[in-house]
Amino acid sequence: MVGELTFDYNDPGSAALSAPLAMSELLSNPLSLCLLLIAAWLTIGLAGLARPASLLLIGRVLFPLGALVGAALAVIALVTVTLPPDTSVLPIGLPDLPFHFRRDALSNVFLFLLGAAAAGVSIFSAGYFRAGEGTAPGLLCLQYHVFLASMALVLVADDAYSYMVAWESMALASYFLVTTQHRLPEIRRAGFLYLLIAHLGAVAILLSFGVMQGGTWQFTFDAMRAAQLPPAWAGIAFLLALVGFGAKAGLVPLHVWLPEAHPAAPSPVSALMSGVMLKTALYGTLRVGFDLLGGTSWWWGLGPLALGLFSAIYGVVFAAAQTDMKRLLAFSSIENIGILFTGVGLALVFNGVGMANLAGLALVAVLYHAINHAFMKSLLFVGTGSVLHATGERNLGRLGGLIHRMPWVAWTTLIGVLAIAGLPPLNGFVSEWLLLQAFLSAHQVPKPFLNMLLPLGAALVALAAALAAYVMVKFFGVIFLGQPREARLKDAHDASRLEKVGLVWLAAGCIVLGLAPMQVIALLHQVPQQLGIAPPLAGAAHWWMLVPVAGRQASYAPLLFLLAIALTVAVTILSVSRLYHRRVRRAAPWDCGFVRLDARMQDTAEGFGQPIRHIFEPFFGMQRELPTPFDAAPRYRVAIADRIWTGLYVPLASGVQRIAQAVAWLQQGRIANYLLYSFVTLLVLLGLML
Amino acid sequence: MMSLDLQILNLLAALFLLLAFAMLSQRRVVGLVDLLAMQGALLCAATLLLAWRTGETHLYVSALLTLTLKVAFLPWLLHRLIRRLGVYWDSETLINIPSTMLLGLLIVIFSFGLAQPIAALASTATRNGIGIAVAVVLLSFLTMITRRKAMSQVVGFLSMENGLFFGAMSATYGMPMIVELGVALDVLVAMLVLGVFFFQIREQFDSLDLHHLESLREDK
Amino acid sequence: MSPLSWLTQILEVIAALAVAPLLMGWVAQCRAWLQNRSAPSLLQPYRTIRKLFHKDAVLAEQASALFRFAPYIVFGAMVCMTAIIPSMGTRLPLSDAADAIALVGLLATARMFMALAAMDVGTAFGSLGARREMMVGFLAEPALLMVIFVAALISSSTALPAIADNLATQTLGLYPSLAFTAVAFLLVLLAENARIPVDNPATHLELTMIHEAMLLEYSARHLALMEWAAALKLFNYACIGFALFVPWGVVTTGTAENPLVLLAALPILVLKLAIAGAGLALVETVSAKLRVFRAPEFLAAAFMLAVLGLLVHLLLGA
Amino acid sequence: MELLALLAIPLGGAVCLALVGARRWAPEANVVLSLATFLAACALTARVIDVGSLTAAHEQFFIDPFNVFLVTLTAFVALTTSLFSRPYMRIEREHGRVQPQQLRLYHSMYQLFIAAMLTALTSNNMGIMWVAMEAATLSTVLLVTLYRTPASLEAGWKYFILCSVGIAQALFGTVLLYFAAEKVLGAEGLTALLWTHLNAVKGELEPAVLGLAFVFLLIGYGTKAGLAPLHNWLPDAHAEGPTPISAVLSGLLLNVAIYAVVRCKVLVEGSLQSDLPAKMLMGFGLLSVVLAALFLWRQRDVKRLFAYSSIEHMGIITFAFGMGGVVANFAALLHMTVHSLTKSAIFFAVGHAAQKTGSQLIDEIRGLITLSPTVGWGLMLGSLAILGMPPFGVFASEFLVLTTAMRQEPWATPVLLVALGVAFAAIFGRVQPMVFGETNARRLPHPPALLPVFVHLGLVLLLGVFIPPYLADWYNRAAGLIAGQ
């Protein structure tokens, strides 16, 4: 038996809850405020077109303004999360289907995610974008803010049409942002692949809406909630939605566009795409699965669960093998998306078998991790952006030792690295902890086999998390530590002031989210509560201590934890320097007495990935070039190929090619044949009519 | 025993069909045009007979149209074109003659079967003509498919038009006047356009053989 | 949380700090006996640490602040673990601060900082050691988690003290699942503490070393802290093992009122440690060092065993 | 009155331009005439909006919500196309691709073509509609062959033969219709072919005859609408003619043909109590979508590419009409509108691109966005619009079509999904490198006439996010009318 879900928080937490109730009179309709802010984003974007070439206007005015709007959105979403849903209708769209909007706790959580991350990224972009990089700054500003606005619209849309419009505008805007450097063929290819898969996904989502619709012209989400679908059709709707949203989220095997597109974009855009845009897909899955379809059947969860676990492992393993820092981060995003969808699947299963508390727990874990990932991944991506600007280098093999040249970027990035590696007391750990706690109760699911298999999922999640730590050591160590692998890295410069602000904002987010889990969870739990998945929280012992499920004594108190470590470290430092001395002498590295040490002797990115490539060989299609002892200029090269790309997509394309070739035979340019076609068609139709 | 004029009408219909078969097998372009002219003549005769029988004035007009256009003008135009362009023979048909005839036979059966229910409904005396008309339309379709020379395709097209008119006549004693005029006008314009066409094609490829016109294709 | 209980907490930590190097020395001594070598003194580790503290620290030119700071963090992490793990008493102030999963996270933190510090100087061996350490780590961590999960499922808690409590207080039952996990845990312990067959703490043959390779650039007090942290790590692992498999003899009551009750637990702990150390030495003596890229298979075996334990528990409910 | 103006202006214009079409100011005259026609169309629309459906000239002409919006659309696109063709044909002339007398032919035939289409749309008499359709074909045949290149001649020849043969079938269908009609309406030929009357008595018409008639009519007008497998003339004709003609062929003529098919379908469905006609339309629609998508995959010529895309969209429209029901019809009508606007806009942009780079081959058009940003963005946005990317209007209609299909004909949706995906990959994969990347041509002096492009795209965008109420009401009425309500 599972005890009731209890999180403990006292005054600060409940203050965070009661404050909005006080403010609720003040802002009668938060949704309208959100819509205003979205409009503000659009106007900022359009303002960019006024003087497309002026960096002063765009960099010093517009982007900071955009950041402010983002922050405001985050604040509103935060303080109104406990309010009941409110809706509004805009008289545009299809004749009998105006744009419906609705704000509820679920939207709030993701709006907060979007606003907070966007604030950091925008302020960073203010210092980041420079002239003469492909698209004109003004146009860039437009695309950027349209991207933000459309993401926000996706989160508040309340009917299929406005949702799809916002959804595809998002894809379109991001596509143009990805192809900023359209002169490079590989970037064009990336953009093409991205938009193609995004569009296919969108059509799948569209069809799923088509299944869920409540009848003629009944495309509002309310109608869909009301519509009573036969289980089979509901299942089809969910699977279609899963395919569509999976394509956008980069769920394996629909992930191929992601590692191409994310690196191709300018770093702040990569940050938004990885940190926020992928989450809109998560939002869609939750909206359809739990809200529109009511998450009735437990077996729906199996799809996200299986795909999620596979994506998690697949993504992190490939991340370990990458040599391009942004590709590495992109694959790590696939991993995190995998973890998120695993959680969704778990929540669906729990919900389907009626274990309300655990469903709530899993859902909260998912939302928490989504927010965390938004902060960490944005932080890391903008960090790579600064590195890219400072060195003009994306290849890990040509970086190194940057912690001396760019301390700000290095230390903020270190926070992100530790967080995404899931280390306490930072935020990444909390969400994974919650997810593991949820998994720990999975054996109580009253389904044969499932109750055996689910706990193994925990093992895979743990494996993914551990591998993430490996990847992150590689990422940080190779870029920032060791000796510079290139001479010109010596004159790398640190981030500009605005960039620093952005970095610090995101890093601070990682820390705060890590230290105040109770308060965050108290807010997040509004979502399962409003969706009617889980009962409200029961208050309990201490505001600083997190307890997942009462009836199992397990707890985690990050503040205490951090204090303890800090205390010990401080005491150690003090005592060591008191009892002994603090003399330090600088000398050449010892390195077992080897004298002529140079940068090329450190581990390269390939070298660091070697054990993974060795252990997970079946995942990769590898071509190695090994030097023979007699090579005059020995060189080692290894190329990693994605088996899914070569095994699924390439055959698919060539298949269509072949079919097209076969069909082309119909059209040989001979008029007699064409007449024959008409003739035969005529006879056939006449025959039908007889 | 039906009345004489009806018998004649049926005879004309049969001849009409026969001519269609003749066209299917005829390989000399000049011959084709003559056959076309004869078809026109038959059509005209049938229309006249019908007009006399029913006393519909507009049938006289349409007979007149047929006479001027299909019996006199178009054959003359085509002959002139043939002489000017010097295309007398069609090259080998795409399908050899006997099998074409066989196909034609099947088509005739099909179209008769098709027309029976309609003919049953028809109140006109010439209801059996409908089947013939359908057959002729399809046969000339077949002619167009099997020919290689632009000229013979045109002839096929015109005989298809004849078939249509025959159908209209035998089903409903002809279309409303205004429509008939419009159709006739269209056919006339079409022929003029064709004339221009032939010369353009000739000056491009100095031949009217259709295999020159097979460059726009997808299978390369 | 009475101040007395905090006192108890501090006492436990101090005891751990004191005992940990002793354990190292004891294992070394047992190994020497088993291998017919003349054994070093039991106090050798203390001497080493003291000597190191007195030396002047030598840092490589390109070492960054991270390099200097890492030893303190690693040491601090290990000390915190001692505070959380119920080595002598449960129900201590800090025991709620983190459950077993958080402990694994703490281990990972320490490992990560070690690895980063090793890469910081940019020597060939440093990065090599870091890579190998992380490889061992990412395989050992899930295995350890699985081990803990089994215990957690049995006592429906992921907090070590609670697990220890439950296992200690309830009537003695046989848990076949725990048998599997015990073996898995042993393998993980060997790997994580740089023991034969995965690594050899005594080696200085560069190409085979993992843990040592990361410490190459350290000297003086930094090295001392690292060594001490390593000792604490072994101690912590041992205590985790006790908490999971032989939780008896841990003080479960009255720690809040009277710190001195811990003294009752101390001899039992020392006894357990002595046996464990001897066993460890035995294992190290009888087994041969694996080649580095065999280590994954070794740990994969541990992982599989732990998972098997899990399945067995789910199947038999025990 | 407006109707008279509507038909007389282009007809008279054709005659005048036949005389003076070679003058320097002929293009302007062309624009002015088209403008006048458009104004007449607007007047007519206004009239219909307040008095509702009306007939004229002894019921020979008939205006109802269904065709009046097509009339306005036709007049509008004709106007914008004439605007576009003004500089375009000038440049063609400078390049020496056309001679003055050919320009004369071009201008006069352009007007004649408009007149023919407007007649076909407004005529109430099925026979006259047929005549007008044939006239539309004939007037464009010589325009397709305007350049006298071998390819254009071939294209023209195929266009001529295939369409004439096809439409001959339509004539036979009309004959059968008449045959069935006069049973009910009596032999005095004036009323028996009038759609309004036929529609009034469609219940009593003889099903067997109407079935056959529908087959012939479908084959006939379907050939003109470019439904697979009767489409073979279309890509050739669209690719080889002058771009303005491609624009009107794709944007307008196909619509008119579809219009004819739908008119027939309404009658036949009323008489036949089976859903066979609907099934046929759906079959043609799906086949066209699939085949077109596959052919798109192999295109090297940009105008051919978009010609096939027209086939694809005609397929979608036909499929939607086949599904029937108010929503589907609404979607189909909307799709007709946005498709003709978008496609003509694309052809404008493509025309300028081809002129700038001096080639129609996709591989030789590169980096338009640097060569001429307006053309580049026009082509990019146009292509995205035609591929059904919101917020453009094409998405709105595809949204309705797909959702309705999911509800009514689930079996068809996988086919549509795959076909749309293939088409997207094919078109976008070819357009992107044309717009982006390094250019290989120098800028040309003359300014492109891109006003039409962006006006069209703007309208499509508007229709995507906001359909004006009266327009919506109009669609709804037409949709209801087609649905037989």
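Each chain carries a letter (A, B, C and D) given by its place in the written order, and its residues are counted from 1.
Keep in mind that, in the parts below, a contact is a pair of C-beta atoms (placed from the backbone, for glycine too) under 8 Å apart; a residue touches a chain by one contact, two chains touch by 3 or more.
Quantities reported herein were computed from a predicted structural model and do not represent experimental measurements.
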Review point. What are the chains that chain A and chain D both touch?
Key: B
Practice item. Tally the contacting C-beta pairs at the B-D interface and at the A-C interface, and name the larger one. Key: A-C
Check your understanding: Quick one: chain B and chain D, Cα centre-to-centre, how many Å?
Key -> 31
Exercise for review: Can you check how far apart chain C and chain D are, centre to centre, with Cα atoms defining each centre and the answer in Å?
Suggested key: 78
Study note, to complete from the structure: Averaging C-alpha coordinates per chain, one finds the centres of chain A and chain C separated by a number of Å equal to 35
Revision key, fill the gap. Whole-angstrom distance, CA centroid of chain B to CA centroid of chain C, is 100
Review point. Residue numbers in chain A touching 2 or more other chains?
Key: 661, 664, 666-667, 669, 671, 675, 678, 682, 686
**Study point:** For chain C, residues contacting two or more additional chains
**Key:** none
Review point. In chain B, which residues are in touch with two or more of the other chains?
Key: 114, 141, 144, 153, 213-216, 218
Check your understanding: What chain pairs are in touch here?
Key -> A-B, A-C, A-D, B-D
Point to revise | Footprint of chain C on chain A - complex, ascending | key: 400-401, 403-404, 414, 418, 421-424, 429, 433, 436-437, 440, 443, 451-452, 455-456, 458-459, 462-463, 465-467, 469-470, 472-474, 476-478, 481-483, 545, 551-557, 560-561, 564-566, 568-569, 572-573, 576, 579-581, 583-592, 594, 597, 599, 601-603, 607-608, 610-612, 614-615
Exercise for review: Using the touch rule from the top, collect the residues of chain B that touch chain D in their complex.
Suggested key: 58, 114, 117-118, 121-123, 133-134, 137, 141, 144, 150, 153, 157, 160-161, 164, 167-168, 171-173, 175-179, 182-183, 185-186, 189-190, 193-194, 196-197, 200-201, 204-205, 212-216, 218
Check your understanding: Which bits of chain B are touching chain A when the two form their complex?
Key -> 94, 110, 113-114, 138, 141-142, 144-148, 153, 210-211, 213-219
Study note, to complete from the structure: chain A partner, complex, touching residues on chain D are 154, 157-158, 161-162, 165-166, 169, 211-212, 214-216, 218-219, 223, 229-230, 232-233, 276, 280, 291, 294-295, 297-298, 325-327, 369, 384, 387-391, 395-396, 399-400, 402-407, 413, 417, 420-422, 424-425, 428-429, 432-433, 436-438, 464-467, 469, 472-473, 475-476
Practice item. Note which residues of chain C are touching chain A in the complex, please. Key: 53-54, 56-62, 64, 66, 68, 72-73, 75-77, 79-80, 83, 94, 96-99, 101-102, 105-106, 108-109, 111-112, 115-116, 119-128, 130-132, 134-135, 137-139, 141-142, 145-146, 149, 152-153, 156-159, 162, 206, 216-217, 221, 225, 293, 296, 303, 306-307, 310-311, 314-315
